[in-house]
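The first chain written gets the first letter, and so on, giving A, B and C; residue counts start at 1 in each chain.
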Amino acid sequence: MNKILAVANVVIKELYRRKDFYVLFILTVLITGLAGSLRFFDDERIARFLKEVCLSLIWLSALVVAVTTTARQIPAERESRTIFPLLAKPISRTQVLLGKFAGCWLASGIALLVLYVFFAIVSASKEHAFPAVNYVQALWMHWQMLGIVIAMTLLGSIVLTTPAANVTIMFVVTTGILFVGPYLNKVAAKMTEPSGSILSALYFAIPHLEFFDFRNRIVHGWPPVDWKYVGAATAYGWAYLAIFLLAACVAFRRKALN
Amino acid sequence: MGAILRTEKLRVEYRSRELRAETKLALKELNLTVNAGEVFGFLGPNGAGKTTTMNVLLGYVNPTAGDAFLFDVSVKNPIARQRIGYLPELTYYYKFLTAEELLRFYARIFDLPRSETEKRIDQLLKLVELEHARKRPIRTYSKGMQQRAGIAQALINNPDLLLLDEPTSGLDPLGRMKVREIIQRLKDEGKTVFFSSHELGEVETVCDRVAILHNGELKMEGRVSDLLAQYQTSLEQIFLKIVGYSAQAPA
Amino acid sequence: MRKQILFAAFLFVACFSLAVTMELWRGGMTKDAARSDSTLAMIFGEGRTLIANSFIAKADAYFHRGNYPSIFESQRVEENHMAEAADDDDSHPEEADHHDHSEHEHDAEHCTDPTHSHGDHDHEGGHSDANGSDWIERFGKHFRANKHVHLEAGEEREMLPWLRLSAEVDRSSIESYTVAAYWLRRLGKPEEAEQFIRSGLRSNPQNPDLLNELAWLQFESRKDFVRARNLWHAALRRWVESEGMKEKPDTTVVSKILRGLIELEMKEERWDVVLKYLEQLKVFSPNPESVQKRIDTVREKMNEGR
């Protein structure tokens, strides 16, 4: 575990020494500020539009941070050949990969925390309310979703040839799952065979990331979800996370380093 | 003295993914033994199989047949690398880290206690003369400084066996001298050093024993002093003769 | 890096083209599909409409506190709403005006009517199949906003930014102006409502729908019946000019105008004029029996008066 955490620690250090997150955070603040300065029909009490803009930016920033940070980990290690002195130490490839995953996930979690604190401040400034339980649930679920995306991206970084291809595919896959994934069964029902069955199988195979999207709940002030469902969704997310990580470990163990 | 590094009928084949491409035999039944306290030179022309042997020892490549052992533990097990230090030919380190952060990171991989880690970091940075730059990111280092940081990381766990891959390659004369001094110091401390090099003069100076590899086969293995006595010539001439160059070379 | 930018640009263009194509295809399925001589103009125009429509849908989603059907479900929802609209025709004159503000907009008016309640029924999958068809859907419902509720007590203001943005993106989006003006009136902001409709009229001069909305503003908020009547008359004339000669005219707007006039004349107790407008409405109404009932009622009132 110590070895995994050591690798994770380096990933986190890399994230906060690179400019990516700061740029995204500043952009989020600026665009939110701009949206906040808009006055609609001279009504100062309008809050949800601003909350929605801010949360959408947070989702986008977090996804960009998670995918781009993860996608470059293994390729960068191979390209800069830092993987060689690392693997010359008593650490297995599986531990390196788990360390990379833990690092990316924790780094994304830290980035998310900063972004949600900003959101809470923005929201409180407009609505004078702080629904802490809702925020904790939204943050937790968002982080779990990023865990799945990170595991998927890590697998992609081993299987796919270039980080750019991996990043593009992961963005398309993630947004595709979020927007279309929940309705694949409905589309499948209207299709002829065998396309319908294939799409239906895909519907059951993909990780349903929409479970983890609490944006609407936060924007529109829905009450918190029963914790047992949050727990069940977390277990569901971890199952996918484990599948992707296992596949990544198997692929990485077989991968030639040169 | 027991064998610290051992290979048994080590065979490595590289299979190409392309159809009808031939399988390349990189190592043929390599048997090698390095004993404790030795400085062992691993020689051979480019493509002889030195890097492949090194890759197997470090666990980067799985052998097609045979096995390799470090401290009697198969290299397939990561724990075999608990007591080794490795210095690659070129510096490949996380350039956003400072030297002390890099050493702390590797110390954690070796599960070193925190107090011992800090003590080792101080000692090593002093040894490689990087104390003044310990808090600077590695990307700001010169090539020589980066190579010294590499030596420090190779020694972080106070290893009993050091694997050095062309340790003086690309260094200026001063840098080479410093590396040589460090190897000498390690030898004096009773450490085992296994290094590959093309600098035969250097090998002749620091090595107790050498092995010469050619086309994946071990052509010769023995004590440097014995070889010099036997052939009555320099190590460089012996090397050229063994790899089949002397026949065409002008007398 | 250049390759990545080009690839990203390609993806963006591909997605945009696909969205526009789908919207055109969807538009082609409806009777009021856009027609244009220039393909390029059509694509750019449709692109703007696409964004504006998505903002209107967003406003509608806000009205339902985030519980909104996807495009995969909306068709079924539309069918349901159309059925509801037909049932409700003419029973709530002004509210019926807003049935076609958007797919769900009539719910807004229904919600304001204490006698009409949707209750907490499920909005997903076209108001049916409350339990979902598989475990993923059933499980997903615990995380989604899935109760059919409406904004109330002034919270309706939250929809306004999206309607404003929709109008700014596509100045020909009449729906954005009329829906926003309606809610501004309801929120006690007649000045802002009038300003917004007038900006709509500047971009769409003499639009009968906008004139109708302005008339409602004069009638309801300002109680200026004379101006309201003039505006409705102007709207009616404009409708006749633009739609009257068509083989299949759009009767929605004229129905709204007539309902407005009926309301106004009933307030003024000019029953013979009311009768005249009701007779006209009967021609356009999808539910003429209901209009006939009203005609009978008015006749009874007139007889009682005599």
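As a convention for this text, contacts are C-beta pairs under 8 Å (C-beta built on N, C-alpha and C of every residue); 3 or more make two chains touch, one makes a residue touch a chain.
Predicted model, so just to flag it, every value in this text is computed and none were measured.
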item: Intersection of contact partners for chain B and chain C; value: A
item: Central chain (by mean CA position); value: A
item: Chain B-chain C separation of Cα centroids, rounded to whole Å; value: 78
item: Between chain A and chain C, centroid-to-centroid distance (C-alpha), Å; value: 38
item: For chain A paired with chain B, centre-to-centre distance based on mean C-alpha positions, whole Å; value: 41
item: Residue ranges of chain C in contact with chain A within the complex; value: 3-4, 7-8, 11, 62, 65-67, 70, 72-73, 133-134, 136-137, 139-140, 142-145, 154, 157-158, 160-162, 164, 180, 184, 187, 189, 192, 196
item: Contact footprint of chain A on chain B as seen in their complex; value: 58-61, 78-82, 84, 86, 88, 90, 92-97, 101, 105-106, 108-111, 150, 153, 163
item: Chain A residues touching chain B - in the complex, by the definition given at the top; value: 2-3, 5-6, 9-10, 13-14, 17-18, 80-92, 95, 256-257
item: Chain C-facing residues of chain A, complex; value: 38, 40-43, 45-49, 141, 164, 168, 172, 182-183, 185-187, 203-204, 208, 210-214, 216-217, 219-222, 225-226, 229, 232-233, 236
